[in-house]
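Step one of this worksheet: look at the structure below.
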Amino acid sequence: MSRIVVEVMPKPEILDPLGKAINNALPDFGFDAFTDVRQGKRFELTVDGDITDAVLAQAKEAAEKVFANTVVENVINVYVADDQAGVA
Amino acid sequence: MSRIVVEVMPKPEILDPLGKAINNALPDFGFDAFTDVRQGKRFELTVDGDITDAVLAQAKEAAEKVFANTVVENVINVYVADDQAGVA
Amino acid sequence: MTTELPLVGDYSTDSVADSGLRVGVAVFPGTLGDRDITRALTRHGIEAVQLWHRDTDLQDVDAVILPGGSSYGDYLRPGALAANAPLIKAIKAGVEKGLAVLGTGNGFQILTEAGLLPGAFKMNDSARYHNSAETLTVANNSTAFTKDFSKDERIVLPLSVGYGNYWVDEATAAELAENNQIVLRYAENPHGSTQAIAGVANREGNVVGLLPQAEYAIEAGFGPSTDGARVFTSLLSSLAGGK
Amino acid sequence: MTDTPEFNIDTVDNAAGTPNESQPWAELGLKENEYEEIRKILGRRPTAGELAMYSVMWSEHCSYKSSKVHLRQFGDKVTEKMKENMLVGIGQNAGVTDLGDGWAVTFKVESHNSPSYIEPFQGAATGIGGIVRDIISMGARPIAVLDALRLGKIDHPDTKRVLHGAVAGLSHYGNTLGVPGIGGELVFDSSYQGNPLVNAMAIGVMRHEDIHLANASGVGNKVLLYGARTGADGIGGASVLASESFDDSKEVERPTVQAGDPFTEKSLIEATLELFSNDLVEGIQDLGAAGISCATSELASNGEGGMHIELTNVICRDEGMTPGEILMSESQERMMAVIPPQNVDKVEGILNKWDVEYAWLGEVTDTGRLIIDWDGETIVDVDPRTVAHDGPVYDRPYQRPAFQDELQANTFRSAVTDLPSTGDELKAATLDLLGSANLCSKKWVTDQFDSRVQGNTTMSAPDDAGVVRVDENTNMGVAGTMDCNARYVYLDPYHGSQLALAESYRNIATAGAVPVAVSDCLNYGSPENPETMWQFAESIRGLADGCQELEVPVTGGNVSLYNQTNGVDIFPTPVIGVLGRFDDVTRRTESGWTADQDGAAIYLMGT
């Protein structure tokens, strides 16, 4: 069993209400080091067996077609997880 | 300007309805390579200036206290973004 | 395969003349508004034909409506997981041939995710779900669903949405305006939509998405106005004309 | 299903042969006398699976062991007139009331207090999910929800977390499900700081012939488990969550909470209603607290008394779950039904259509025993009544609190000397009141609920009652409210509870409906404290007397005890839901005056 990670972020020019809300709340919790927060998505896809080039290609295509809406989001990364991340 | 990335995933033992629904819909889109999907969050925190140990420590603390709801989610990674990811 | 869903009332059409028209009502898992669209159609003498998401046969309907609600629970993004259902593929083929299609609420979101309408929906600026009644202006009264409104008329429709922030880039927005594709605009832009857009049409004008839901404003006492009824009378007159 | 995991299975034979093995009954929340009682019932020590079942089913939350003796009054103080419209009374998942023309309505209030403190979003969300499943298991389509919230002081740092989380959770679940939110309550008081209350009420309607009960009858009928997979979430929650209080001195305990999946629940509703409308179901039960333990034992003991299931047939979300864990799991969005064998194919067709997963677990028998096998070996062999209905009953001592006299003497007049008297002072006082947390507009909360979905809502927030139409041909419909002023109850539990009832009743009446039934959610501190028990007993006495006086029956409800922090109880809070009936909902009366009523006379009625 292996895992592929897909990372999606809102496009830089798009206002991100969730990130903004968190950013506004941070000082309440005593955190003042950050000037901006943006919230994106992280997907872990499980694959039975090994990850072939064909499977990775499918993940990349799915990332653009399903996991992200490329009108407002960018796929910033699709990669095979090392065990560590996979287990987490 | 630098960036810190915080990655959060639903705890393995907690139901992830989002991942489940995505997984069930993938075949409609012609993707059949994946046996499971889990959806988590990815945050990018912007820091004015360089990332010191103190700032990174703050990010780690904020990850546990604000970015993740540790009742149902795990912080799986907090790291300084290389330029590449930062820009995306 | 056709679905049968029990209705709360029997919407007897005794008092309404049967138009002979048949309109498809798309049902995805998680769709909430199928019964409400059915009620609105029936009250206007239009037969509602349930179209199940796995069907590929549009059953010769005269138009299709994608109701509101939370297809697939709005998981991933509203409309995203419904956008490639077999039924959507059939609807796309129908649209090519000029079929009139309306998406209301979540139905509009499905149409954008399916690429049948431009743009995308983001979370409300408030980052919260919001239930309200909105004053709108009718920007385009030439579609099959807005014919009975006057241009620039101010109307009131209900809006219940968490991802109600319609977004298109500036270039596309200009193009939409130029091609008369903007159908409805908010008087006060509640969730931050580009150019206060509440409804758009495709370039050909046969696919329309309206985020406020006309089906909850068709009967006095059960909604903030009865302005929504005219979406259905519009459909009636435009389709009957073609019959 | 993966291969059956290997465990050291504690079979019935093994239990009989190893009588002295020590068992974690205390950790599971059982008292020594209760454990002894279980051994007596079985004539041997319980197996691990049996111990799991008894411990969750005999918890306060599931067994009502401290409240039963008092709740009886709701049945005892019922007149013939009150029974007139009652189709199903207390004892089933929810009571059912006749609405005429072949229509019936069911409604009930439930609490989800502790989970909502630990994880406000999921706790509140799953509260809606649970109460809605109670309603559908009666055969009804849910047509409205209401919620009553009690939170700590508005300016306390933790209140924000609980408030926003709970409201977002309620809104997310209810809106995704497509059940209109038509009302509720929101009260801030430091009494609830470490123990907020999240009570939810659901209303459903059905035709008389669609009423379903939680009975496993018909020997040979199949036992079906359908909906979400069974996961290792909320295990032990039923007993642990409801019987242990939180203590600031140690880090808050965080037992695994359950995540709600409203999308799955929506498919579950549609599939279940389709099963009902095709007349395929013999008996049905939702899975809530105590999961499969509760569903199997309740279904079996309500029916002919026997059931035989194979537990490895349960579809699990997590690998390696032990039989005890599967029996105790509180995974949401699951239902259990009893299906005649000839209907199996049709049932599978409907569940497949809605993409709802299912498993056939076993069948109804006439042995009078609930037998659960694990891979063919018997791990549970009990009389289901001893699990579900004949649990311990405590008539706990109660006594009027020592502080009650002083409390009652401490009146407003004795405390405040400089009452406002001039016009300006009165104006300032009025504005202060209108701007206070408990009286100001709740619009920012109610705006997060979709009040119009289903198209039949004709009144909701900010009006006194929510009103929805039931029959579109006649405009017959129902009204619902939830109310309680816990300060009055604290001052005088008997009369204070009657005031809560009266307030809810009045809200229905002023909306223009005829009150027809009551459902209550009784939130109190520890029943082991005699002074708390007195508050509880007095409240019920007051409510039962009040209902008799008003001639409306209590058709259901819920008891939530052990609501306390560091040994300090919350205010006694009996939240009262009242349901009203309209001949014609278009005659409902909104609260408040509008500009077009300029010149109308204003009357103040009552004493």
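Each chain gets a letter, A, B, C and D, in the order it is written, and its residues are counted from 1.
Definition applied: contacts are C-beta pairs under 8 Å (C-beta built on N, C-alpha and C of every residue); 3 or more make two chains touch, one makes a residue touch a chain.
Chain by chain, the UniProt names read as follows: A, B = Phosphoribosylformylglycinamidine synthase subunit PurS; C = Phosphoribosylformylglycinamidine synthase subunit PurQ.
Quick caveat: nothing in here was measured; it's all calculated off a predicted structure.
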If you tally the C-beta contacts, which comes out ahead, A-C or C-D? C-D
Centre distance in Å when chain C and chain D are each reduced to the mean of their C-alpha atoms: 37
Would you mind pulling out the distance in Å between where the CA atoms of chain A average out and where those of chain C do? 31
So the centre of each chain is just the mean of its C-alpha atoms; given that, what is the distance between chain A and chain B in Å? 6
Chain D residues counted as touching two or more neighbouring chains: 261-264, 355
Mind pulling the residue numbers of chain B that touch at least two other chains? 17, 21-22, 25, 29, 39
Of all residues in chain C, the ones touching two or more other chains: 72-73, 75-76
Throw together a list of every chain pair that touches. A-B, A-C, B-C, B-D, C-D
Residue numbers of chain B touching chain C in their complex, please. 17-18, 21-22, 25, 28-29, 39
Residues of chain C touching chain A in the complex: 76-77, 80, 112-113, 119-120, 122-127, 165, 167-168, 192
Residues on chain D engaged by chain C in the complex (per definition of touch): 141, 143, 168, 171-172, 175-176, 178, 205, 261-264, 266-267, 270, 273-274, 277, 353-355, 446-458, 469-473, 585-586
Parts of chain A lying in touch with chain C, wherever the complex brings them together: 10, 14-15, 17-18, 20-21, 66-67, 69, 71-72
Contact footprint of chain B on chain C as seen in their complex: 72-73, 75-76, 81, 84-86
